[in-house]
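Provided herewith is a single structure, encoded as structure tokens, for subsequent inquiry.
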Amino acid sequence: MAQHLDNQLLAQILETARPLIGKGKVASYIPALAEVSGNKLGIAITTVKGERFQAGDASERFSIQSISKVLSLVLAMTRYDEDEIWSRVGKDPSGQPFNSLVQLELEQGKPRNPFINAGALVVCDMLQTRLSSPRQRMLEVVRLLSGVPSLTYDERVARSEFEHSARNAAIAWLMKSFGNFHNDVTTVLHNYFHYCALKMSCVELADTFMFLACQGCTPAWPYPVLTPQQTRQVNALMATSGMYQSSGEFAWRVGIPGKSGVGGGIIAVVPHEMSIAVWSPELDDFGNSLAGAAVLENLIAALGRSVY
Amino acid sequence: MAQHLDNQLLAQILETARPLIGKGKVASYIPALAEVSGNKLGIAITTVKGERFQAGDASERFSIQSISKVLSLVLAMTRYDEDEIWSRVGKDPSGQPFNSLVQLELEQGKPRNPFINAGALVVCDMLQTRLSSPRQRMLEVVRLLSGVPSLTYDERVARSEFEHSARNAAIAWLMKSFGNFHNDVTTVLHNYFHYCALKMSCVELADTFMFLACQGCTPAWPYPVLTPQQTRQVNALMATSGMYQSSGEFAWRVGIPGKSGVGGGIIAVVPHEMSIAVWSPELDDFGNSLAGAAVLENLIAALGRSVY
Amino acid sequence: MAQHLDNQLLAQILETARPLIGKGKVASYIPALAEVSGNKLGIAITTVKGERFQAGDASERFSIQSISKVLSLVLAMTRYDEDEIWSRVGKDPSGQPFNSLVQLELEQGKPRNPFINAGALVVCDMLQTRLSSPRQRMLEVVRLLSGVPSLTYDERVARSEFEHSARNAAIAWLMKSFGNFHNDVTTVLHNYFHYCALKMSCVELADTFMFLACQGCTPAWPYPVLTPQQTRQVNALMATSGMYQSSGEFAWRVGIPGKSGVGGGIIAVVPHEMSIAVWSPELDDFGNSLAGAAVLENLIAALGRSVY
Amino acid sequence: MAQHLDNQLLAQILETARPLIGKGKVASYIPALAEVSGNKLGIAITTVKGERFQAGDASERFSIQSISKVLSLVLAMTRYDEDEIWSRVGKDPSGQPFNSLVQLELEQGKPRNPFINAGALVVCDMLQTRLSSPRQRMLEVVRLLSGVPSLTYDERVARSEFEHSARNAAIAWLMKSFGNFHNDVTTVLHNYFHYCALKMSCVELADTFMFLACQGCTPAWPYPVLTPQQTRQVNALMATSGMYQSSGEFAWRVGIPGKSGVGGGIIAVVPHEMSIAVWSPELDDFGNSLAGAAVLENLIAALGRSVY
């Protein structure tokens, strides 16, 4: 009953979601994001067998924003023992907006999970401690994983984010007041915003995150990025906390792990099979790509690939 | 690499978790639960092929408590249109204790999901509206699904729960104040506590919930309990909100949908393959069976059956 | 510089506030309150020397609503030791809406003060424990204090309140779940709503509350209602928590202790000098009489009687 | 019945409160405060007639800490129109700990009142905007008001506070994210901590704050510090929000406006009569001087000077 995966199917599915364009809102908190056209719609898939499929604006780069939170977590997992990480950040859904300080204050500066801003900032703080050049190292990682040496930060976005960083600064300082932030706030914010400002296309994202579909391995690297267990763990975290406050709704509708960014991108994983990247800049009320989520819902239904 | 599933494997896995007994706490808010021995440990599995496996105290009945929240939701899904249900209760993790009123007040009486108390009470309120005898109907359902006509409520537990029902009464009245509770509070609480007081064994639970592993079908019924899509949806909801505030931790450690009860039971599902019921009365800080979660973690690791 | 207090001054001050009529909202949560004309405006003063002044609709009775919270507290203070009361309810401003459950849950069922709903319900629960007929007793008290034997409850308002009592029932049940509510919820709610449904005029209110201006004494009673210290304490509580969430604003603008009700009444006290009752049914965003507060502001400025 | 005010009365009252020493805790969040002896106990009074009374350690200087929040507010009131101030900070009790961010986030960056940290930081932000040298200006003000040209900041305390400023930085950044903080965070924090680090004795404090007892006038200045109305307003604000979360309790027990600091000082005002400064470094659970509050309670009872 499941349909055959090819470029034509992807193109068809993009069309079923296209009517949603105009019903969401492009992120506008910084000019560099606000000026992106809301009409963009793209998808790319990389399978564990090395096949690649794509449709629409799959080759156009955009700001990956919070999708980078998965990359920074993965990088931390390669540099820190499990206990070191999870004593400083939790693994559970927050039930709160991604930039809220309420829970953080009540829970003494320990963020609920690494995919809300507070959690990602703690992870970046860890990277600052252990890496000599966290920004350069991240570039190396994404260039290797994607196989695209030209990948780089959009400095204009990074700078613009930094100029609007008050809320994230508040989060970092609050964690510092609880002893859960060790490095200079400004330095870590700069790294954090650079990670958010990574510019990648759907094709590049699908290639980069393929290791999450492949038990941690990827042809791009000589050794596993993560162990199979770690890979399942990251996928589990995306499944429960990857879509901000509507992670439950996303699991209900789509049924696979995913992580979104306010640039309109979503990376999703069918374990053991494929990584999927979609892009449509207009967001729903929770900050997830409106058409992007619909594309994933229709695709996974067509392929019969919900993990549940 | 995955191990072969048989009774011996289950017995071994129980032994690996048995040292945890003594490190949790049996639920003590009502006497009928407090007097259960903390030493109990059991597991039962029913596969979609009809195989049955078990070990330990798998045939001893216990109070299923919040596991019944899945049953009441399923029952509501057979009687209500999708919109009718989900306009009154959400699908997202709450990030709050299961009996909290804070979020409920801030969000105008709409509970985050059907697996926290508020959500389950709304579901019971719906059942009261549409069913002539909600308690009798639930008995018929579990008797049919389990194939065990002797299943019944533990009236002593139900009565005892009702005598300690102040918190749930507060939740129901708060929802009523927002127009999201339509029937008599006392009547619905009685039904709710009876559902919680269903007495079932691991074997009976595994049989009962097998339909969630089987796309909604079960040999026990002449027609599907749920559609395949509905089945995936319920599983998704368990995956993101089934283990109270530590649903993310459970996904991280175990990697399959599950729903726990303060009686120490957990029902879990490997989609397309099997339903699993474990029981160990001592609970962790979040109200989930301590040894039970460890049994599931070890079992799923041994079988290689994480969905992520 | 202070102006001379007489009926003419009161009439003038009513006129300065009258333009505010039309800018607030008459309480509409029950029909019996909603149908009161928003045009009413009245004031009455009783001095410790026995003088009486009045202007406007000072003799028309209205529902005193939360003004009764002062009376129930005073009644409890005559029947309970200090420790018995203040171990169950606090003395500090809540900073929250009057009917919120959030703080109550976080603070384990102990209300911040006796002038929010939760606190008044605890006080009514105490009265139910110690008085054989709390409703009858309250009537006796207000009839004695006011010298008006015809004072009574508006049964239609009391019944209507009870029919919309879900929120207060939730509050009572939540306190019961924490062990801070001892009697039958319905019984206490009935008393509470009857107290709220007391129907009194400004003249009757000013006479009734004169003892708060007079160190606890009143010619109406053969012995002091409260000791001088208790009187100061009740006034202090009104000064810090008497006007819901805008008690600070009221102190800033007016500068004397006061307690408002959603019926549009406010009772206020110039210690050692006079009690003042105002009435104007339209409320501001916090539930206080809009024109009533302005009348008090202008009056106290004219008389030079701020306590600060 | 009221006792006569003289140095002997003050000495007696100190002795009645001295047994409380040892039951509180000296503030320990910075070393410079932690090393102050808990045994200190002093009181000073300045009357509007120019009389001065004192007892105990009334001439020893200590860190005035949050008492400075009154001074910065008064300074702002001389430089800003009423609307400019109160559109950025409220006048109501917060019901929350003094350094909480929860309410600030929910209320979009507008602090409840100028006596919690957030509110005082907004006030300091205003002063930074309008004054060429806010730190120098504050010194001039306190030197003039106290008549003591040697008053100065304890630079060691200011520096130490700044080194532990993470929580206040978080508060400032959160307000900045809502547009309610205009200047450089570090600059304003430096000013704020210097104000807190003002070192003054009870005698100097009583003289400094005498204008609040005297309708805004003081012989120290050629013109009124505040208008009579502004003076009442500041006193009202102290009465409702001056003692952190136990402002209601303080009003209940003592009955006059007061403002405390974690250095153990409290400044209090009997309107039209006198200003009172007490000092005892050990604090209660809410951060107010334990013995200091008892001294005020006993003094005001002895003098019969509650405003309520």
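To keep things simple, chains are lettered A, B, C and D as they appear, and every chain counts its residues starting from 1.
Keep this in mind: a contact is a pair of C-beta atoms (placed from the backbone, for glycine too) under 8 Å apart; a residue touches a chain by one contact, two chains touch by 3 or more.
Owing to the predicted nature of the structure, the values given are computational and were not obtained by experimental measurement.
K.L.:
If we look at subunit B and subunit C, which chains touch each of them?
P.N.:
Shared contacts of subunit B and subunit C: no chain.
K.L.:
Taking each chain's centre as the mean of its CA atoms, which one is most distant from subunit D?
P.N.:
Of all chains, B has its centre farthest from that of subunit D.
K.L.:
Can you compute the centre-to-centre distance for subunit C and subunit D, using the mean CA position of each chain? Integer Å is fine.
P.N.:
32
K.L.:
As a quick test, compute the distance in whole Å between the mean CA positions of subunit A and subunit C.
P.N.:
Once rounded, the distance between the two centres reads 55 Å.
K.L.:
Spell out all pairs of chains that touch, sorted by label.
P.N.:
Applying the touch criterion to every chain pair yields A-B, A-D, B-C, C-D.
K.L.:
Considering the complex alone, what residue numbers of subunit C touch subunit D?
P.N.:
It comes out as residues 90-96, 103, 112-113, 229, 232-233, 235-237, 239-241, 245-249, 251-252, 255, 257, 271, 301, 306-308.
K.L.:
Applying the document's contact rule, which stretches of subunit D touch subunit A when the two form their complex?
P.N.:
100-102, 105-106, 166-167, 169-174, 176-177, 185
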